[in-house]
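Would you mind keeping the following structure in view while I ask a few things?
Note that the chains take the letters A, B, C and D in the order they are written out, and that residue 1 is the start of every chain.
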Amino acid sequence: MIEPRLRVTIWNEFLHERTAARPRELYPAGIHAVLAAALGERLGPSAEVRTATLDEPEHGLPDAVLAATDVLAWWGHAAHDRVSDEVVERVHNRVLEGMGFVALHSSHASKIFRRLMGTSCMLRWREAAEKERIWTIDPSHPIADGLEGEFFELPHTEMYGEYFDIPRPDEIVFLSWYEGGEVFRSGCTFRRGKGKIFYFSPGHETFPIYHDPRVQRIIANGVRWAAPTGSPYFGEGRRIEPPLSPISAKHDVDESLHAGDKKKGVTR
Amino acid sequence: MIEPRLRVTIWNEFLHERTAARPRELYPAGIHAVLAAALGERLGPSAEVRTATLDEPEHGLPDAVLAATDVLAWWGHAAHDRVSDEVVERVHNRVLEGMGFVALHSSHASKIFRRLMGTSCMLRWREAAEKERIWTIDPSHPIADGLEGEFFELPHTEMYGEYFDIPRPDEIVFLSWYEGGEVFRSGCTFRRGKGKIFYFSPGHETFPIYHDPRVQRIIANGVRWAAPTGSPYFGEGRRIEPPLSPISAKHDVDESLHAGDKKKGVTR
Amino acid sequence: MIEPRLRVTIWNEFLHERTAARPRELYPAGIHAVLAAALGERLGPSAEVRTATLDEPEHGLPDAVLAATDVLAWWGHAAHDRVSDEVVERVHNRVLEGMGFVALHSSHASKIFRRLMGTSCMLRWREAAEKERIWTIDPSHPIADGLEGEFFELPHTEMYGEYFDIPRPDEIVFLSWYEGGEVFRSGCTFRRGKGKIFYFSPGHETFPIYHDPRVQRIIANGVRWAAPTGSPYFGEGRRIEPPLSPISAKHDVDESLHAGDKKKGVTR
Amino acid sequence: MIEPRLRVTIWNEFLHERTAARPRELYPAGIHAVLAAALGERLGPSAEVRTATLDEPEHGLPDAVLAATDVLAWWGHAAHDRVSDEVVERVHNRVLEGMGFVALHSSHASKIFRRLMGTSCMLRWREAAEKERIWTIDPSHPIADGLEGEFFELPHTEMYGEYFDIPRPDEIVFLSWYEGGEVFRSGCTFRRGKGKIFYFSPGHETFPIYHDPRVQRIIANGVRWAAPTGSPYFGEGRRIEPPLSPISAKHDVDESLHAGDKKKGVTR
C-alpha cells in the first residue's frame, strides 16, 4: 500500500516580519518559513509543504492551489480585512468539502475562522511576556501525541483569555493557565461540513513560540489529524425521487412551491 | 418575585399562504398567525407574542423590535434571498447578545441560520406525504416536556433527510424516521455567543403540521428553553491591563503591532 | 397554574465538622445545614429542602426519601468507602430515572459519582489556601444566572487541577485558575439516563466557601437546572412486536437465543 | 520510521455458534474467527490479531493478554452475567489506561460496556429479519473511511431502536433506519480515561452481517481509530507540593483531613 502524500499549505499575512524589529529578528523569512521547515521535518517525506502569503496574487490561494491542498494552516493578525471575500468564500467551500484547516493564534479574528464559527470569536488579550502553562485535558487525542507530561510551559507569551466567543468545540485538547490570571481553551477542534478544524492559540510574532519543539509537534499533529478522511460529502440540496422504501400515500406536489429548492449550492 | 415577561416574535416570509391553494387553505392568515395563537395559549399570560413578515418595512424587524424580542422564531422557504443582509446581520448580532432563535423547517436554508452555523445546511428532501415518526433521544431535555411516549407520528410530512450539513449539535433531542427510508436529526440545539438556537424540522406549508398539538408543544418548549439566561456576554476584543495577578517579566510592547486590535466588534 | 414544588435533599457525610477544629468552626451544624439554609432562601417557598447524613439508618436515604427527592446534592470526602453499595445502587437508579444530582467538591471521588461517570474521576490537589479565579465560559447557561462579571474570585481555596479524569462533559460552564499554577473544569454537566448531573468543585471543609453568595447562587442554579424535565424514561430492554410499520420478510425466531433478553433491568 | 504493530484481541462469548443451528451455519468457527480473518486482511501486516473466549481460563483475558492488547473488540449476548467481575475490572482499568474498546451489537448490555457508560444501555429490539439502512452523519470521521454513498443497506437485521440509554456520545457516526419503524444511533464513540470506545450495533448471530464487506470495513476502521494515541494518562489522585507558581498565603494543613486522599487508584 502506498501511503498517500499529505499536501499542506501554510498561509501567512507576512506583514509584521517585514516591518517590525522583533518579529523580523525572530522570523526573518516569515512565520510561514519557520512553520514550513518544522512541518517538513516532522511530517516527513510523505508530506509536501508549500506556503502562500497575502501579497501574492489571489493571496497565493488560487483555485488550483486550494484544490491541491489537503490541510491549510492560517496565520493572520493585522490585515484580516485585506483578505478578499472571494478568497474567503473559496477557502470556506474547500473546508466544507474536506480540506483541513489549522487556525493559528490571532487567526481567531480572521474572516474565514469567524465565518466557519458563526460567532465573534473575540477574547481578552494582553502582551506582557507572562508565563503560559498548557495543560492537556484530552490525553487520548492524537493532537497530544508525544507530549511527555500533564503540561508544558512557555516562559513568555501573549495572553489570550476567556470568555472566548466560539461555539462549543467538538473537542478541547488543551487549556492554558496564564501568570496574569486568565485561563483559555487553547487547543480546540471543530468540524464544518467534511472539514476538520483545529484552533491553537500559542504563537505570537514577538515571541519565539513557533521555534518551540512542543508547539511544533502540536501543530504537526494537528495538521495530520485534520487531513481528509471519511466518506463522500453531500453539501447540496438533493430532491430524492423515487423513495428508497415504498410510501403508502398518494400525493400531488405543487411544483411552484419548490421552484427555488432544486439548485442549492454550498455557501452560495 | 414577579415572573418576567417572555417577549416572542414570530417571523414568516408569508408568501405561499397568499399565493398557493393548499397553504392558503391550511394557514389562511399565515403560518405565523397559527403559531402566534398556539404560543400565546401554551406560554400563557407571561408571554407576549408578536409577528413580523418579509414585506413589512425592514421585514418587520427594525432595531426596536429586535431589542424588545427575547426569542425570535423564523419560518422562510422561497424567499431566503430577499431577506436583506442588513437585517441578517442585525439578527445575527442580537442572537450573539442573547436573543433565542427557533429555526423552523425550511429555515435550515435561510441566510441567518447558515450564517450562525457556518455550513451549507443542505439536506435531502422529498414531498410525498409520507409518514414521519419522531423519536425522543434526550428524554431529560425540557424541549421534550409533556411528550407522552418514546415517539409520536405525523401521518403526512415532507421528508428532510441526512446527510444534514450542520455542525455537530450541542444536543440532539429528536430523531425522525421516514416511511420512504431516511432518518434525520429533527430537533437540535446550538449555542452561538450568548444565544440559544433550536432547530425543529417538522412543518411544511402543504401539511397541517403546525396545527398538531405535539408540534405546538415542542415549539413552545423550544421558545421557553431559548429564553435568555446566564451571565453577561463579552463579544468584543478586550485588552486587559493591568493584569489580575502579578507578572514577573518586564516587557515593552510595540504598540504598532496592536493598532488594529483595540476595537473589534461583534460581527463587524 | 400551580408551580410544582421542588424537593431537594442535601446529603453530607458529616464527619469533619464533628471532629476537626477548623471545619467545626466554619460549619458548626454541618456543611449540609449551611447549604440547606442557603438553598431554602434562594430557591424560595416553591422548594422543600431536607438533609440526610452518613450515620443515619440507610445513610438517611431509604427508598421513600429518594422517591420524594427531585434533586439530590452530595458532599463526601473521607468516608466514600463507608457508603453502602446498596444505597449507591439505589441512588444510581433514581438518577437514571430522572432525579437530579449535584456533586460537590470532593464528591468527585464518591462511589456514586464514579459509577455514573465510568472513570476514575481522579485529579491533582493541594491545600495551600491559594486564590482561585472562576471563569464563566458558557455565559448562556442558566447555572451562570446572576453572575455579574466574566469571573469571580475565592481568596483561599483547595486546588483541584487537571487532568481531571471524567468523560467529556456535556457542558463546561466554569473553568478555574489557581494561583499555584493549575486549571480545572470546575463546573460541568452530564446526563445519565433521564437524570441531570452538575459537578461543582469549589467548596472545602477548611474554607468558608459555602458561605460565599456567588457559590450559593451557583449551587441553587444547579439544583434548579437539575430538576426533572422532559418525557418518559425507557431504561429497560423492550421487545417490540408487532412492528410499527410493515416488514416484508418472513422470519422464524429461535427463541432460545433470546432467553435472557426479556427482563433487563436498569442497573441490575 | 517503523510503523508500530497494532495488537488486536477479539473476545467472543462463543455460545450460540456451538449450540444453535443458524449461528453455527453462519459462523461455524465462531463470530470471532470471522472477525479475526476480516481484521487480519483489512488491517494488513502491521496488525496482529488474536482471539479469546468466555470458556478459556480467565475468559482468555489474563493480565498478560490485556497488557499486550492495543484494541479489544467484544461480542457477548447470552452470558453477560458469566463474565467475572474481576475480568471486568481488569478490562475497565486497561481501557482507562488507553486500550481501545470496540463494543459489538448485543455487547451494549455487557457488564463492561455498562460500567464504562454508567447507564442501563437498554434499548428496543425485534428480530424480524427487517431491512436496515445505515446513514453516515459524520462524513469526515475516519471510521467512515471508504464508504461510498450516503448510506448502505443490510437486507435482514435484528432491530435495535431508540431510546438507547447511553450517555450523550462524543461523536455519532452512523444512524440506522429500520423497515419496521425505528431509528438508532448505530455507530457512536466515547472516551473514558485515555481509552477510546466505539459502539457499532449491526451484527447478529442469526444473520451473516459480519460477512458483509461494509460492516467489516467499519469495524476495521473502528479498531484503527481506537488505537492508543496521545500523551500520558493520569488516573490517580496526586497531591502537588510545592506549587508550580508561588502562592502568597501561609496555610497549615490539618493532615488528618487528608488521610484518605493519598492513595486513590483507578477503579479501586
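Some points to look at:
Simple rule for what comes next: contacts are C-beta pairs under 8 Å (C-beta built on N, C-alpha and C of every residue); 3 or more make two chains touch, one makes a residue touch a chain.
No experiment lies behind these values; they were computed from the predicted model shown.
Interface comparison, A-D against B-D: more C-beta pairs in contact at A-D. In the contact between chain C and chain D, the residue numbers used by both copies make up over half of all numbers at that interface. Note: the chain lying farthest from chain C is A, by mean C-alpha position. Each chain gets a centre from the mean of its Cα atoms; for chain C and chain D, those two points are 27 Å apart. For the pair chain A and chain D, the distance between C-alpha centroids works out to 31 Å. Rounded to whole angstrom, the centroid-to-centroid distance between chain B and chain D, based on C-alpha atoms, equals 36 Å.
Along chain A, residues 124, 131, 133, 136, 138-139, 150, 161, 163, 168, 170-171, 179, 181-182, 191, 193, 233-234, 244-245 each make contact with two or more other chains.
Chain-to-chain contact here is organised exhaustively, every possible pair of chains being in touch. On the chain A side of its complex with chain C, the touching residues are 124, 133, 135-139, 150, 161-164, 168, 171-172, 175-178, 181-183, 185.
Taken together, the chain B residues at the contact with chain A in this complex read 16, 20-23, 77-78, 80, 96, 109, 114-120, 122-131, 156, 159, 161, 163, 165, 167-168, 170, 179-182, 190-193, 205-206, 233-241, 243-251, 253-254, 256-261, 264-267. Listing the residues of chain C that touch chain B in their complex gives 1, 44, 98, 131, 133, 136, 138-142, 144-150, 170-171, 179, 191, 193-196, 228-234, 244-245.
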